[in-house]
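Below: a set of structures, written as structure tokens.
Same chain, two partners: chain A is paired with chain B first, then with chain C.
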Partner chain A sequence: MSFDFRRSPAIVLAPPMVLVTFFFLSGAAGGPAYYGLSQLAQAASAVAVIAPICAGLAAWEGARLRRGGVARLAPARCEGRLLLRALVPTSVAAAVALTFGFGVMLLSGPSLRASDSVVVLMAAGVLAGHAVLAYAAGRRLPALMAVPGAVVLSWLWIVYPIAVSPLWVRHMTGYLSTCCDASDRLAPAAALAPLLLSAGAILASAILLSSVAPAIRRLAAALALAAGFAVAALVASGLGVAPTVARGTADLVCRDGTPRVCLWTEHRGVLPRVQATASAIGSRLRAHGLTTPPVVTEARGRHSGAWRVGVTPTASELDIERILLQALVPSLPACARLHAYPGYAAFGAVALWLAELAAHDVPPYIEGATPEDRREVAAVGKLAPPAQRAWYSENLAALQTCERPPQLLTVKL
Partner chain B sequence: MLGAARRPKHNVTMPLSLSNISFAYARRRRLVLDDLSLEFADGATLLLGPNGAGKSTILGLAATTLRARTGSIHIDGVRAAGRQLRAYRRSLAWMPQDVQVVPGLTVREQVAYVGWLKGLRKKDAWHRAEGALDRVSLSALADERPDRLSGGERRRLGVAQVLVHDATWMLMDEPTAGLDPLQRADFHVLVASLRHEINLVISTHQTEDIDSSYDNVVVIDGGQIRFDDSAAAFLALGASQASVSEAVIDAYRRTIAAI
Partner chain C sequence: MTLWLRARRAWLLAGALLLQFTLSCLLGGVLVPSPSLAAHATLDIPLRVFLPLILSCALVHALSDVIQLERGATRNTAVADGLLVAAVAASAVLLGLVAAALGSGDALVAARNTIGYVGFATAGAVVLGPPIGAMLPVAHVILVALLDSGRTHIALLAWPVEPLSSGVAALAAVSFCATGVLATARLGGVQISALDARGRR
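This part shows the complex of A and B:
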């Protein structure tokens, strides 16, 4: 019957929902446009605006049936059928907004894998959880309480956990704004936790809609919601700031040579240039008695001693050279987050020294290099090659630990 | 049990029976019904009793919108609980005292929606809503919003809602409350036309509602059955009176006074 749609505010609110989704995604941080998973995750983060609207609409539909005294008409259909029918317009509006969001973010045509669909499933699950719980609230509470309550609580649940500690709480909401770099995959726990929580919410709703005595059903519904939260928390508790895990090496495209270069499949276009530049840098460094790692790779994790880089498909020659040189300088050790890190004083000087030694054209800007670093490198340049290598080894070691001070010629620590 | 002669039940084909029912409203200890058993016979039954007698409770229990503490309710062996609840509800049409409507729906949509609630397919519900509205002379108002209907029209909407699906029993709680005499007369004409198609139980506390449209009368007071027999037997209680209306009032007084 057409009146399901004609009488629903979901149809009126669908275009504004799409508009809000568009504005939300316009302001999103955005990940690599060529990485399908990242774009899907960004689009899915629109649940932050779609879910509260859906919750409000669902609460309204529930409250309509409550005002219509549907339960007092002794329906021969189960509550699930009533819910499904009442939420058809809301579901359609949500699907339109979400599809629009996915469409916008996938306009650049990134490649997608079948496993990426888990993001779509998770977003749909999150929306279902919010809508079903809001509908149940609408069936039990007056519209004046249920509708604003559903909108505000739905919004708070998605945006507030980002501001709280522990960090993993944010990964139970389904808000994937920090997923994913090209080196990342969505952590299975980050997809599963919001779905488990939604399952708890749907179970709680089923109990709320049942004909069990009010006191018992309220208690049972609260327990179901708490159980869903507990299981979801158990799953998400291993996650850190980002809801990601390292991407598997199966997605790497490799090119043999010296060095062997392995880049993500999306970056295959720059593979020859990366290899040529890495080879040139390696040659120059070998001429000075230094060695470079035999493998250049974008994979994180397992390749200890690998030349770990992160490129983009549009990187210029200068970019590639800078990225490769920068990758030869160790990144901050984990201890630097919590303890004093004296080795940092050598960071700019080491980077600058390597650039002057191995770059085709020394870039005008080296990350972390200060005028003091330039003076230090100038002083090092006056040393004999073995002394320069010793300076490099000494300071390279200092960069990798928090206990060892650097050995600088011009800077007194 | 009062009444000169027990009504013969040999004609019952689809009995609606309440067996050993006990019921109390939430947060109230006092039982409104205590081990009550009652069987409604085929035809049109008037459930008569003063305000607060338990009429609405009995109908609410039979309609399954209230849940008994003990006892069971059946229509033709189909129990109003568990897996048979939906089948039971399909065979029963229920019109509560106040006819509520889902906000936003038109009269036609409301009737069709109730048909769907009672298990009809959408298409069938839509189609049959037209017939039900026609039956209660509301077709002209089918596209109106129900909140614009008069009290009498709203009652007719309630009747259309119970006519839209294939029920074997129709329960109406105080359907004539708030109706003017003309509307009440129209309602009785409607009941007279329905009594040969569907089994009816209509509750009222207004003795003037009793007329020849009804086959049976059940009088209830204080949660107890005071009379359960044919309408003729009920009227016979007041046979000494000059008019039918006086006979009804007299019979009613006798059944209540005999407590």
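This part shows the complex of A and C:
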């Protein structure tokens, strides 16, 4: 075994691999540092740089055995044992780089759950798929074609699908650069699809390494790879841009009161402040004859009429107030992505009017508020309270649909 | 000569040249969103930057497999090898010009990159051995993709992603090509093979 390590370029390339992983992760988009799944997913996205190097190393090991004429000799070991032994140095180098990546991303001490380990499993599976297929290519092709080919194709397979439509294709590569916000969990399909594709690649490699007639071998290997791709595509086809599903409400920590506030367990520290601020906003709005939802929650999807927010553990009082006020303005309806959305013109004015009514101190910047919105809100302020409420109700309804134009006083649509 | 052409896999090189030309014309403009370490974002790099690697690897493969019979050749096979590198580069430029005449202007970028990679790989193969030589352009292209910031890059280092109008990129490609041709003609495939054999121990 020590001989394998002395011969392998994996030992020479392990330090640069770790260095590239470090630089790659230091430039990663970065999710919430306190959310373990997000950090693990960011670390796993380093497969984009680790997998091509592993593929090159594995192809090199395969080509070394091909050059040595191992297959022509009387077999003392089966192909599987040869493969396992040849790939030990590559696996060690990959494991070091991947472990380093996970370690760097977990330095901030985020919350972790047992189910998050699926990300580690997926990253390891993706690396195994790339390495084993590249090894088989090295055994069957000249080294000078197999090694560069393995590096470039592995690299292109991981980074290119981001540019491909349909969007789910990107979730078959194991490159989790867009996972996950605190309100998200990794979709099971996003973890399963790369593993299935890797299984197909490993099966294709086993066929390529078998002693069947070359033509049948190539055809069967291509079919195995295509079958792995088809099954993985079937699994991933339901996914959208992000490889995520809504996080379960079991992870919420709730505090009863007016309103009832439910935040993710990582945000437990700001629970009292969110409740106090939400209560103050609710009181001020009630004084003007408006109501606020009875539940403030970070959960997505299930609670209709809930006050949906997204906070961070380090949010200041001002941040919390801004987040709560913004959450009172409805988000874009689904139809706005495909059709004309006249309600958009009222966004800034509604947000600004709510802020002036309910904020302790009106924040200097309201998202989407323009000088025209300020003129509109000044005009609305001159109306009687019932007319102001009617203006608010009318425009709130316009924000939630694509058919209804907003009713603004100073802006003619 | 016939033996030399067979030993240098002339048909493989012709096939690689045509494959690369066809792929460059069909898919050369496809953009690969490469994660950039310098820009902390993804940069779109055209596939034509990667495609010329097909020919550079095929050429190093063809030059590296020297048969024993050549050691007793009366002709200077090293010069023939150098001319082969020059001929491959010239063919790539010719095909690029044809593609440009047919309306695929970016094919000239692929042709420029081809002559650069071919020279880089063959010069590297002569000095460091074929495996490392073939990997040099591959490693260079991927490092450029990873490290390029898209705005303030050094044109001399990131020449494969420079536009056709870049004089520095053209100079770099021609310099690499000339170095590759001269190094191969001076030392030749036999020396490559000898270095490779020493590398194998």
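The rule is simple: the second predicted complex is superposed on the first by the 413 of 413 C-alpha atoms of A that agree within 3 Å, B and C clash if a C-alpha of one lies under 4 Å from a C-alpha of the other, contacts with A are read in each partner's own complex, and residues count from 1 in each chain.
Here is the rule we go by: a residue touches a chain if its C-beta (ideal position, glycine included) is under 8 Å from a C-beta of that chain, and two chains touch if they have at least 3 such contacts.
Bear in mind the structure is a predicted one, so any value in this text is a computation, not a measurement.
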Looking at A:Pro188, would you say it contacts chain B, chain C, both, or neither? Reply first, second, both or neither.
neither
Which partner does A:Ser211 reach: the first (chain B), the second (chain C), both, or neither?
first
Determine, for the superposed model, which of the two partners chain B and chain C contacts more residues of chain A.
C
Touch check for A:Arg77: first (chain B), second (chain C), both, or neither?
first
In the overlaid three-chain picture, which partner chain does A:Val151 touch, first (chain B) or second (chain C), both, or neither?
second
What is the contact status of A:Leu65 with respect to chain B (first) and chain C (second): first, second, both, or neither?
first
Who does A:Phe23 touch here: chain B (first), chain C (second), both, or neither?
second
Of the residues on chain A, which ones does chain B touch that chain C also touches?
67
Quick check: in the complex, which residue numbers of chain C touch chain A?
30-38, 40, 42, 44, 50, 53, 57-58, 60-61, 64-65, 130-131, 134-135, 138, 141-142, 146, 200
Sort out for me which residues of chain A touch chain C in the complex.
20, 23-24, 26-27, 29, 48-49, 52, 56, 60, 67, 142-145, 147-149, 151-152, 155-156, 159-160, 162-163, 177
Applying the document's contact rule, which stretches of chain A touch chain B when the two form their complex?
1, 3, 7, 64-65, 67-78, 82, 85, 211, 213-214
Going by the contact rule at the top, pick out the chain B residues touching chain A in the complex.
26, 63-65, 67, 86-87, 89-90, 92, 94, 96, 98, 100-106, 109-110, 112-114, 116-119, 122, 125-126, 161
